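Chain IDs A, B, C and D follow the sequence of writing; residue 1 opens each chain.
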Amino acid sequence: MSGSTLGELFRVTNFGESHGPAIGCVIDGCPPGMALSETDIQPDLDRRRPGTSRHVTQRNEPDAVEILSGVYEGQTTGTPICLLIRNTDQRSKDYGNILDTFRPGHADYTYWRKYGLRDPRGGGRSSARLTAPMVAAGAVAKKWLHAQYGTTFTGWMSALGDIDIPFEGVEHIPNNPFFAANASLIARLEERMDELRKAGDSCGARIEVIAQHVPVGLGEPLFDKLDADIAYAMMGINAVKGVEIGAGFAAVRQLGSEHGDELTPQGFRSNNAGGVLGGITTGQDLRVAIAIKPTSSIRTPRASINRAGEPTVVETFGRHDPCVGIRATPIAEAMLALVLMDHALRHRAQCGDVTLPLPPIPAATP
Amino acid sequence: MSGSTLGELFRVTNFGESHGPAIGCVIDGCPPGMALSETDIQPDLDRRRPGTSRHVTQRNEPDAVEILSGVYEGQTTGTPICLLIRNTDQRSKDYGNILDTFRPGHADYTYWRKYGLRDPRGGGRSSARLTAPMVAAGAVAKKWLHAQYGTTFTGWMSALGDIDIPFEGVEHIPNNPFFAANASLIARLEERMDELRKAGDSCGARIEVIAQHVPVGLGEPLFDKLDADIAYAMMGINAVKGVEIGAGFAAVRQLGSEHGDELTPQGFRSNNAGGVLGGITTGQDLRVAIAIKPTSSIRTPRASINRAGEPTVVETFGRHDPCVGIRATPIAEAMLALVLMDHALRHRAQCGDVTLPLPPIPAATP
Amino acid sequence: MSGSTLGELFRVTNFGESHGPAIGCVIDGCPPGMALSETDIQPDLDRRRPGTSRHVTQRNEPDAVEILSGVYEGQTTGTPICLLIRNTDQRSKDYGNILDTFRPGHADYTYWRKYGLRDPRGGGRSSARLTAPMVAAGAVAKKWLHAQYGTTFTGWMSALGDIDIPFEGVEHIPNNPFFAANASLIARLEERMDELRKAGDSCGARIEVIAQHVPVGLGEPLFDKLDADIAYAMMGINAVKGVEIGAGFAAVRQLGSEHGDELTPQGFRSNNAGGVLGGITTGQDLRVAIAIKPTSSIRTPRASINRAGEPTVVETFGRHDPCVGIRATPIAEAMLALVLMDHALRHRAQCGDVTLPLPPIPAATP
Amino acid sequence: MSGSTLGELFRVTNFGESHGPAIGCVIDGCPPGMALSETDIQPDLDRRRPGTSRHVTQRNEPDAVEILSGVYEGQTTGTPICLLIRNTDQRSKDYGNILDTFRPGHADYTYWRKYGLRDPRGGGRSSARLTAPMVAAGAVAKKWLHAQYGTTFTGWMSALGDIDIPFEGVEHIPNNPFFAANASLIARLEERMDELRKAGDSCGARIEVIAQHVPVGLGEPLFDKLDADIAYAMMGINAVKGVEIGAGFAAVRQLGSEHGDELTPQGFRSNNAGGVLGGITTGQDLRVAIAIKPTSSIRTPRASINRAGEPTVVETFGRHDPCVGIRATPIAEAMLALVLMDHALRHRAQCGDVTLPLPPIPAATP
């Protein structure tokens, strides 16, 4: 109830602080009999890991995952899977100053007001480091969904600050540090990052994620609409300020005759819906976009107050990460996979017996 | 688990279909001892009600609410409050054609694929009519939050299709059928609606909602961030395709030196955060925006298929509602109130004992 | 969270007070496509209904159920099923005295202390009348489980106060007002009831319930063991003070060589487990027993205090019901059915793919 | 949903297998600002630990707990507390035989049927070893409840097989290996244990637990009655077959004039209710009793079948533990504390504002 558990049937309970002994999660409800080992999980963790390029934080964390339970002789047993990641880069440091002041754009002030105390080391619980266990859990969900339905997840950056990044092809995504589906703009993106670093400033980003080969019928009609659960999962990622499904905010200016996706015996003619109608998957690609705010920790001095309510100035020293959005792509993929996994189990619980008189399944078009 | 219950401590369970005998909800967890009668609820229902202007559906439903339980001698008792709204306008009609074809943009296809059958009368469970019980429940939450903290909720339309509607003043909102915070554009909006109706087409809308006088410290740090729960609640409203908190998608293009709201002893200097940092309220205004897609039921013929998978054409006859976004304003207010209410109770459950050494509470600035 | 919802996937939300306008429940998560009408539900309600013999309360309530949602053309649609029972026997009465004093054995004192106020009319929310919606919901669960697995539910009274009622045969249960599986003792039971009524006193009862033709594999291993959920559901019935599964408290005195049920290719040799091992069904009969305390409302004067903390005497006037356990049998059956239904859906959500290499399914023995 | 999480607001998620790398739990929702270290938890773990007398299993496990998160500078922060216990006694052993046969009285058969596979090492997930994390979590709950309300928890064994153990005084409980509140019978209990061990057999036990200085008003009226949640928590402990609250099954034979606890300005005159009326605490002692079945692993040969459905014989070799009930006392205390803790938070969420006009709080009598 304190919000550290995601999902209803495929439940992931997250624990840990940025600079505590360990972070991790417990997955309850994973179907039994799936082959699983650390090697299924580590690749996605490595994609999110800090220190992989000069554009992201240089914290040196191997983020090596250990499976503590729920797997016997290489197979899931249906019991809780505890995934543990030890924190290794907990440099001793004086946090007295951070403890006393509230960094603008950070959760310092709100944690202090909510709990009356807070762990200031590296942001404590509010650190984006806590997305690592979600990426790990997401890898388990991805594996199961792919085995069952062939579902795949692909994310990319479509804007870095004011630079729009046109989609050229998925093959480019793993070949640059930005997860850009583009090869021609990389030099410009790197240049922008360097400028921001020199200026002691930061910028936002726009990330897109799609799921393909999605089963039809996932999602609940009223509150737990699939798109509502996606919005919840995405907005819960650190620094996210906006979520769109399908046409998103562009739908405001669309006409009904343009927006409503027509159906043909060969499938839908368009995908303004983003793969969801009435909260339930259509079988088309699930299309999600998120807005990520600029990094709050910047070298530029900023006005703030201390715990006594007195004015003060906050500066972040040392290297900083000019765009936290860079590492958000694997996180967004993982969150989408977790939502879909949960709904796949929910759907077969209630509707496992449903058979349709005829099988006219429109293929998923664009 | 089939998604008809919203909230954890202030739980609203919604039931009903558009043309069944009744719709309604059960509120479990309302604090005892609050004065409550139908007259606290009816005004918000009347704001959402169909038939109030020529721009919205002409279905003639009084939407009169009846309290069936949980109130004794005018006070809440702490036990479940059942709110019932009888459906009165259930014109007998032949739904055979609707049952057999899938209207583009509607949930017809996905319901049929999920459940193997569906109630076609007026959209059944997928009808926006099911937001009426949420507006009713929201009125209960609004009343409690106002009594406890002075919290208020205000929503307005900020764009109708491609017409942006500048915010001129809250006093205009109740004086036009669009919930526009604007007096000068109303004639143009009415004209646009008439054009669309004549053309047999429809358009989207952008709605903004704010909560003011919000307690500090509401929200959970990881998954049940206040903004994540808001995104979930908003995306669950029929026809919503996007949600923004604070700066929203504009944050992508902001610099960190611009986005991060500075603190002073007099309060925050700006509100790009939209009243939430690290998932927890700052005490500033909560600022939310949503995108609503154009009405799917339009007179213009559209391609579709029937249950046998054969091509067909769908036309909606009779009057239609060219912008479903018009009635979304009171719904969005209600959803925001329900999320806040739930978190107010959650917060005091865990942190009811927290006392702060000093009370430097920054006033909520813009 | 205020505890008015039972179940995780087959969720029943109960509302109402004894003398309010109506009582009822909302069932969310019922599988679609099941034939359902009021006639499936009314018979179980009639078995629980007051006024059916001179040994139970004479309140004249038809307890006629109305289906408000979730059923279209006689079939469940997968959306919430609201079941409404109007209260018709709300005799106007002066409750001032009851409101001011705390009846021994009743919830008057605890409701007042918890909520600061209470609905005194007929016990308000604490009335056993609120079990009627559970019996109604249980009838839906029974129907589905029978259609899917052939599961049946049978309950009977095995002790009335100090009179043990030997099990002679299920055929006797519907033929006497006590739900006794016995024909020879009925006269003695009636005599005892008359004695108690004359003496202005009451007695307890022991009820047994079994489920037969139960699927193997239902229940979760750790907390939501099937027997744990049964214990929760049974102890939640008004006036229940004890719950046993299988051998129950007799297991304390058993030897391990006696208690552990041996397996043979033909099935289990005994059923001390009561159909559950490690929290999961074995396929044998589920065997449950509950203890019901004597009716608290008796004519004999009892010491109490009033809301001012002053001593007072409480007497219940008029007819009373000397054994509330009499009507508990259909309630216990319904609660067992609801627990089983929920776990049937939960099981197929997680383990829907499990196939066993060989099918050596021991038949359910005694 | 797979049942590895207990509680709604003070949520404990349990993970691990008997012979995996580690067992543990994550506590979400603990109030912030409570002093907490391993030394608060270890004493209760030591009371439950194997190997403490010759009457319990000789597995040599230090059960040393490590706090991985949620505590900063010795205080709870309000974020999840992960408690880890490494398994150290994982002797390499051939489990091939155990994997192939189903031990009577054990969960072998049901796990295999549910999941299609199982971890046979030491019972895997079904081992009573998984109660250790609950004892650890219970210690956290006990500490908070004691600090807030002075609540204390005391458990003892009241019967070992057919030997009733009269309550002589709480001071005896820590002075014998049985948790008996009795000094005179210890020799006889030890003798019985030796007899059973020699005979290769086992016996059951009856355990009682009370909570004292319990706040009034905890518990929900309908399903989540405090006693219902206690019954659920207790029946979920390995080997429990029955649960009683207050008078329990003795209530069947009581008269109403005897059972209903009278109130006086000095408090209740008796406590047949066991501290709960209408599902809500009265402020009297909470009184709970549980029945524990005899150890299933005995040296005596027993009939069973193997995975091919063929008859076989199961014998447990080596030392065994003739009464698993011996170590159940600290477990039952912990489960009671966890239920009470959860309801304490739930109560203040909904009823935090309730003030009573007068404070006539009857003292808790017997």
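Basically, contacts are C-beta pairs under 8 Å (C-beta built on N, C-alpha and C of every residue); 3 or more make two chains touch, one makes a residue touch a chain.
This one's a predicted model, so the numbers in the text were calculated from it and none came from an experiment.
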Neighbouring chains shared between chain A and chain C, ordered by label:
B, D
Name the chain pair with more contacting C-beta pairs, choosing from C-D and B-C.
C-D
Taking the mean of the CA coordinates per chain, how far is chain B from chain D in Å?
45
Give, as an integer number of Å, the spacing between the C-alpha centres of chain D and chain C.
26
Please report how many Å separate the Cα centroid of chain B from that of chain C, as a whole number.
39
If I count partner chains per residue in chain B, which residues reach a count of at least 2?
1-5, 8-9, 14, 29, 32-33, 78-79, 114-116, 125, 221, 346, 349-351, 354
What residues on chain D touch chain B, complex-wise?
8-9, 29-33, 78-79, 221, 345-346, 348-354
How about chain D: which of its residues touch chain A in the complex?
1-5, 8-9, 11, 13-17, 20-24, 26, 28-29, 32-33, 66, 68-70, 72, 75, 77-82, 114-119, 121, 124-125
Chain A contacts chain B in the complex at 1-6, 8-9, 14, 102, 104-107, 109-116, 125-126, 130, 159, 161-162, 196, 201-206, 216-225, 227-236, 241-265, 269, 272-274, 276-283, 291-296, 298, 300, 302-305, 307-311, 322, 346-347, 349-351, 354-360, 362
